[in-house]
Amino acid sequence: MRELLEAVANGSLSPAEAEAELVGYVTGDAGRFDTARQQRRGIPEGIFGVGKSAEQVVELAETALETTDRALCTRLSEHQIEALESALADSFPNATIERRSSTVHVRSPEYEPPSLDVTVGIATGGTADGPVADEAELVCLDAGLDVDRVDDVGVAALDRILDQLDRLREADVLIVCAGREGALPTVVAGLVNTPVIGVPVSSGYGFGADGEAALAGMLQSCTMLSVVNIDAGFVAGSQAVLIARAIDGARD
Amino acid sequence: MRELLEAVANGSLSPAEAEAELVGYVTGDAGRFDTARQQRRGIPEGIFGVGKSAEQVVELAETALETTDRALCTRLSEHQIEALESALADSFPNATIERRSSTVHVRSPEYEPPSLDVTVGIATGGTADGPVADEAELVCLDAGLDVDRVDDVGVAALDRILDQLDRLREADVLIVCAGREGALPTVVAGLVNTPVIGVPVSSGYGFGADGEAALAGMLQSCTMLSVVNIDAGFVAGSQAVLIARAIDGARD
Amino acid sequence: MRELLEAVANGSLSPAEAEAELVGYVTGDAGRFDTARQQRRGIPEGIFGVGKSAEQVVELAETALETTDRALCTRLSEHQIEALESALADSFPNATIERRSSTVHVRSPEYEPPSLDVTVGIATGGTADGPVADEAELVCLDAGLDVDRVDDVGVAALDRILDQLDRLREADVLIVCAGREGALPTVVAGLVNTPVIGVPVSSGYGFGADGEAALAGMLQSCTMLSVVNIDAGFVAGSQAVLIARAIDGARD
Amino acid sequence: MRELLEAVANGSLSPAEAEAELVGYVTGDAGRFDTARQQRRGIPEGIFGVGKSAEQVVELAETALETTDRALCTRLSEHQIEALESALADSFPNATIERRSSTVHVRSPEYEPPSLDVTVGIATGGTADGPVADEAELVCLDAGLDVDRVDDVGVAALDRILDQLDRLREADVLIVCAGREGALPTVVAGLVNTPVIGVPVSSGYGFGADGEAALAGMLQSCTMLSVVNIDAGFVAGSQAVLIARAIDGARD
Amino acid sequence: MRELLEAVANGSLSPAEAEAELVGYVTGDAGRFDTARQQRRGIPEGIFGVGKSAEQVVELAETALETTDRALCTRLSEHQIEALESALADSFPNATIERRSSTVHVRSPEYEPPSLDVTVGIATGGTADGPVADEAELVCLDAGLDVDRVDDVGVAALDRILDQLDRLREADVLIVCAGREGALPTVVAGLVNTPVIGVPVSSGYGFGADGEAALAGMLQSCTMLSVVNIDAGFVAGSQAVLIARAIDGARD
Amino acid sequence: MRELLEAVANGSLSPAEAEAELVGYVTGDAGRFDTARQQRRGIPEGIFGVGKSAEQVVELAETALETTDRALCTRLSEHQIEALESALADSFPNATIERRSSTVHVRSPEYEPPSLDVTVGIATGGTADGPVADEAELVCLDAGLDVDRVDDVGVAALDRILDQLDRLREADVLIVCAGREGALPTVVAGLVNTPVIGVPVSSGYGFGADGEAALAGMLQSCTMLSVVNIDAGFVAGSQAVLIARAIDGARD
Amino acid sequence: MRELLEAVANGSLSPAEAEAELVGYVTGDAGRFDTARQQRRGIPEGIFGVGKSAEQVVELAETALETTDRALCTRLSEHQIEALESALADSFPNATIERRSSTVHVRSPEYEPPSLDVTVGIATGGTADGPVADEAELVCLDAGLDVDRVDDVGVAALDRILDQLDRLREADVLIVCAGREGALPTVVAGLVNTPVIGVPVSSGYGFGADGEAALAGMLQSCTMLSVVNIDAGFVAGSQAVLIARAIDGARD
Amino acid sequence: MRELLEAVANGSLSPAEAEAELVGYVTGDAGRFDTARQQRRGIPEGIFGVGKSAEQVVELAETALETTDRALCTRLSEHQIEALESALADSFPNATIERRSSTVHVRSPEYEPPSLDVTVGIATGGTADGPVADEAELVCLDAGLDVDRVDDVGVAALDRILDQLDRLREADVLIVCAGREGALPTVVAGLVNTPVIGVPVSSGYGFGADGEAALAGMLQSCTMLSVVNIDAGFVAGSQAVLIARAIDGARD
């Protein structure tokens, strides 16, 4: 404890880093960032953009970088992304920023991701499923997994799924994102021997819109899926990471 | 009018037949039977077993036979079917009785079904879809259509669908019945050029059970289905008959 | 294959046309356009405006024109329509643009629509049903069908329906659009001998608003409708085209 | 008060009648019967059979007869009706029992119903609507109204409605019962100048079953209905009685 | 017919008036205005502002004034109201404009409202119920009824209801508007002998918000209400007018 | 520990009592009984009859009596109650059995209930609310509270509520049970200064039946209720006990 | 009465104060403010910002200050808060303004809050629950309670709850706010002996979003919670005040 | 092929075994049994008892034993279990029958289950979760996994979870079953580093009953669960098996 405070006093440790070490989180104007999440569950706390101001996103991302060497931000608006890129150019000029749709991953050079010998396949039915798959993908990449992304294999054109069957079968775990009627994970799971996580996507209109038909269909599927909530790419990615760690641990 | 009453008087016309001719329906203790339905829409009124006593089913079926030469009864219990068979052995000993699951079709020898040069394909995902498909099938057979029944091609075993693709493509119209996640009509419609009518079936349990997931999925389908209500095999069959008549009419 | 690449090399085939021929779709910044949809189902992929920028709509429409000689865009905003008209004035100056409500159909002079000897009747209850009927109508016109449009025959003024009965009965297939309580398709189907496709429209307020009452009512209808999702004019139009092709095919 | 107690003492008033006069209700083993309901609202409290034993129904009916000279029992089972008829043969041998479906009205000879110069029209779409209409009808008859019952005019056969138009127009108030899609009150209200009360009936199956589609449709109706809950024939009848009293009062 | 056309030719009849007389409605750019609604049901068609441009509202209101001498516009925005007032200052400078919340009633001097000897009581629970009650009130005033408005008698302060009991009892018909838990019509109907129409109002938040709790509560009410949809002040007013006409007719 | 085992060995402590003391619960064939619930929350675990055999109810009740000197059983069927009474006549012949509707409370003579100087008022709207109120009442009596039960004060007869106002105001805490539209707790809470716990009851039929309208209405109430789930008399009673303890503790 | 009017005449009493004293509320352009609510229930009427203009909020707050010496405003926007602060700087320059999230409490120096010897614990799971807890907190502070606020103890990090257990156990009443799955009140209530009021918070997305999962979970909780509606911090605070008064009253 | 038929001819292969080998399933009177499911997904098809007669269950189980050497039957009634045990005593006298609640696993001596070096932890909150956990457990045991079952650790008694923390942490995968509010998987997943599959159980009553609150809560959980449908122990077990195989495969 004494050491910690002396490190703060002499500037070798920031107050945020010290707070993170002492209580497991950092509290700022933008709210709390849970630095211990990584220790507890092996997955960093995501910074969820909806309902936050651009300033709050920036502050939380900087805290995350300061204490865990990277930041994983989801559901950001264009405006939030611009503010973030502009702020980090000053505060973390050496950081690497990777953007997919509305998800942004930032790494400082100090961050050494683990390297796991596990491949997660991520499949989508169509363009509308992309942002949700992107969210899942960046969670997997943050954890050091290989990702094999197979896009545009919606059930309306069955031959495209069959064309990609080898890639789907080679993955250790599969995340399959689909909106509207959400049949893709059901069809894919009938063709592979690996665990499939279905992710309903909030596309479509009318009855069953906003992903409700897809969620219901995946829960009812006769091909033994596990499921996450509508648009929950982050959760699907996290679940895939936990499975991947178990597989990778067994490989050693 | 006078002729009609004289025919009743001399017994060459039953009172029920006369009532049917005059007002288009026959009213008895078991309720009204709509004999004009056949004229108006080309499809006989079905006798729906749920909520009726066996006696009421028998009475309505006999009225139907008397006035339209056949009776189409749906959702009958075992008890109702036994009572019907036993009663008809007396009252219509020459009638032909055809049973599929809970649907029963009775024809008197006088009934000459039309013969249409049209094939309706009826596909099911699994055993639970059978009774609903049976209901649709007997409606089509009553109207003189050819029916090609393709069972057990659920999406969990995709190769079975692909094995039957030629049969599915040769039909003029397709009725596809599926419960649980209801993905089968979506997959089939992506593989054929003909109109597909999706029929959700009330199987499954938990969220989206009782056919709600299947209904929502079919309404959301990106492969352009038209849909009927959950378990509405009768409606799907009727719609197929109307389409078949339009096709057959054009053939002449 | 070699020929194809040479055609690209010498400019007689655009890269988009070549990609379409090779894999069945074209991938650009605005997403994927499925050029093979036309082959698989006989109906072009619609370009759905909701959630897209005006630039994305323009790019997809130009791709569609380049590869399939026409573009069918639905649910466009005023801003998207203006951008589209302005862009096409440059890129496809000879194209014909036809607009109905928020649906826009563009044809290049090369497009030769099929001509089918089939009439689709499209009926609406009131003004609010217009845009959904327009969507269905342009799908039918794209496929070369005759369309007989019967507007403003809502059930609140029954005599107007009866006045138009002959026109409704002469159509080969009927699409009937209705919002609020959605009773119109039920009433119409009781008066005709042809297949009726009910389209619930998202008008009204309070309980059952957004088309839910209309959808439920059409699914429950005792006059044997098939149904599409709320506001799904595109799906209803497509289903009518498939039925019309079957009829027209039989005519030959 | 003293008089009342003396009347009880000398047997010219039963304890139940005295309790009714003093506090407005009678409490027995079968629960409370609200004798003052009649005074407060002009409509007797109904004895609702569901969830009660036959003994409880009998006791409540006898209390009602003792204190208000008649009993109005709804949703009785066959078993409850038999028990009631058998018990009343002993306890109120001079009472008149009128049964419609599951509704039973009992009058002692002392009951002098009011006579109102008002006609309530009650229309149904089909057989399944009968028991709900019966409930409404007996409420109206109890209050001395004329009832004109128009059955089997479902929208599937529009000409039957038009045939009965004069009768529907002559009624002062209309109660219209319909299940499944519930379009009948909407159609009727578009044809008459009188207030229409729509009663959704719990028929049908699948989505919108149990009267939900009918309720939603009536609430959304563009022909200005007021509505009661699903199967609430008693409430519709009561509302008609209140309107009829207002009309009759104005006639004087 | 000839006369009519000559009247148009010589300018004594506008084309819109002639169209109204011939077919019962007038069709313009803003859609159809149903001039015959008044004849059929005794209540003018309302001009519903939601989803219309200010120009469309103005055009429809002018058509209504031209053909029926008044216009009843509901759910107008501030912007629509300003545009309407400004346009009518030119086109109908002698018209009288009466505004309540978002409802606007316009009368030309030619309009002679009927005068009925009937009082409709309109009660509200609180401020949020005002606009819905205003809508109902203007419908009643348009039809020549007396309106007695009793505001701010929510059940949270029961003594205020009791204070106004005499006024509530003197009305011939009652419209009671209430949001949140919607208990007011239930409480009021237990205190009066007249028909009560409950109007659920879309206030509140959380579970049962948007008027759903109020609607469900009114449909479940044990004090025999009839009900209209959420916020449907127009429908409640219309139903009150129909009842009032029946009462007034009986008075003659 | 040693003492405990010796007590078991010499028979002065039953094995069940020893298990309860050691781990806080007793596990038998009928499942686990949580003896520590009483310590943790001050309220005994209820024995919920639904889904259990009569034998299981008996075993759990005997375990409860053995380890906590009383048993509180809810939602028992007639058959379960008879079996319980018969079994306890043998095993606990000195126990006192108190029954209210489907709730049964059994006390052995050893049980000394606490005596709290706090009164809980329990009000019901009508007969159907009785069993739920009974459940709450027995929980309160078990904890030594005074209960003032005020029955049959439904909002349909407002004067009865006002007649009982003094009693309602004198209670320290109020539990108010109501089904159908559930307005009673709202009305009561507007008249008193004490905390009111609303309990929705699953009566009624049609839309909002099974207590949903009542639950929604209580959650929306503008008179500041706290609420428990539908029919959750046990939870309401427990909450009242916890509040009563806090009050009683402050009294000392 | 005379005195009151003279006081108004000579200016020692404002018209608003006089109206409040005479009828219990003040009516202005912004609607009615219920000054008697305080007397009836001991809790001032809150001024709910949603759906009001900034001017209306200001007027109502000034009326509240004038008649009850403080104003409690909830769900204000930034714009409304700025307008309020700016207006009060003029009209009530000596007032104290306390803001928490979107809730604002204003006190004039004349206001002497009661002082109760009762502590309310308010716990939250995370940042998103803050504004709802703030609303509850200011209601408690207005009534003179001690508040012990325990933030950021979500169930995802169980040790933080256990760390704060002593504080949670020392409170007399607990308000526990939680969104998403809403498990926190269930976990807390299993650890304390005091009444717990659960407040579901409208965070999360997908199925069960907007607080529905949290509400359902709290109603189903096996640890005996009472519950308020989603985001109803005001109601929870009011309920805690009523319980606290009962406790404090007993202390005297 | 020839060999196969000869084997049938000489009786060394049963017709069912031959059919299974040729087409992957066996069709009998009781429906189809999918013998290839095992090959495709590594999990045998379960025989679901609901809606089947005892005879059908027996026939399917015998087919399963004949072709895959074991049968896994779920949701059997007491009657079905007795019939199964009695029939197998004759037909497969050497088979081993293992029953857990309503799930039955039968193995013939020929069946050699795989042996995987993976432990699945299965936790339940209380007695009601047992049958669902049993279903999952037998699926895991069929596949050769070690199962560590941890019962009765509901969140109402948090210390019991903490007592079992080591066992929960040692498992490679966790299945956590919970009804009512379903908080247990959320709490457990916050304490471990392994993948957690949440299984909602259909216990509880009132709002959110039948597992809906639990399902919604698990989908909303902030501790990164994957979820299966309500009561879907079979699906959860299957998903755990697939994960376990991936881990075991990596171990080799």
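Order as written gives the chain letters A, B, C, D, E, F, G and H; numbering starts at 1 within each chain.
As a working rule, a residue touches a chain if its C-beta (ideal position, glycine included) is under 8 Å from a C-beta of that chain, and two chains touch if they have at least 3 such contacts.
Keep in mind that what you see is a predicted model, and the values were worked out from it rather than measured.
Asks: Find the chain most remote from chain E, comparing centres computed as mean CA coordinates.
Replies: Greatest centre separation from chain E goes to chain H.
Asks: Please compute the C-alpha centroid of chain D, do the same for chain E, then give the distance between them in whole Å.
Replies: 30
Asks: Using Cα averages as centroids, what's the distance between chain D and chain H in whole Å?
Replies: 53
Asks: Rounded to the nearest whole Å, what is the centre-to-centre distance of chain B and chain G, using the mean of the C-alpha atoms as each centre?
Replies: 61
Asks: Provide the C-alpha centroid distance between chain B and chain H, rounded to the nearest whole angstrom.
Replies: Chain centroid spacing, chain B to chain H, equals 38 Å.
Asks: Which residues belonging to chain E are in contact with no fewer than two other chains?
Replies: Counting only residues that touch two or more other chains, chain E contributes 40, 126, 156-157, 190-191, 206-208, 212, 215, 219-220, 223, 229, 232.
Asks: What's the complete list of touching chain pairs for this entry?
Replies: A-B, A-C, A-G, A-H, B-C, B-D, B-H, C-D, C-E, D-E, D-F, E-F, E-G, F-G, F-H, G-H
Asks: For chain G, which residues are in contact with chain A within the complex?
Replies: Contacts found on chain G: 126-128, 152, 156-157, 205-208.
Asks: Where on chain D does chain C make contact in their complex?
Replies: Answer in residue numbers: 126, 154-158, 180-183, 186-187, 190-191, 204, 206-209, 212-223.
Asks: If we count contacts the way the header does, which residues on chain F are in touch with chain H in the complex?
Replies: 24-25, 27, 31-32, 34, 36-37, 40, 50-51, 200, 202, 211-212, 215, 229-232
Asks: In the complex formed with chain C, which residues of chain B make contact?
Replies: Contacts found on chain B: 40-43, 172-173, 189-191, 193-195, 197, 215, 219-220, 223-229, 232, 235-236, 238-239, 242-243, 245-248, 250-251.
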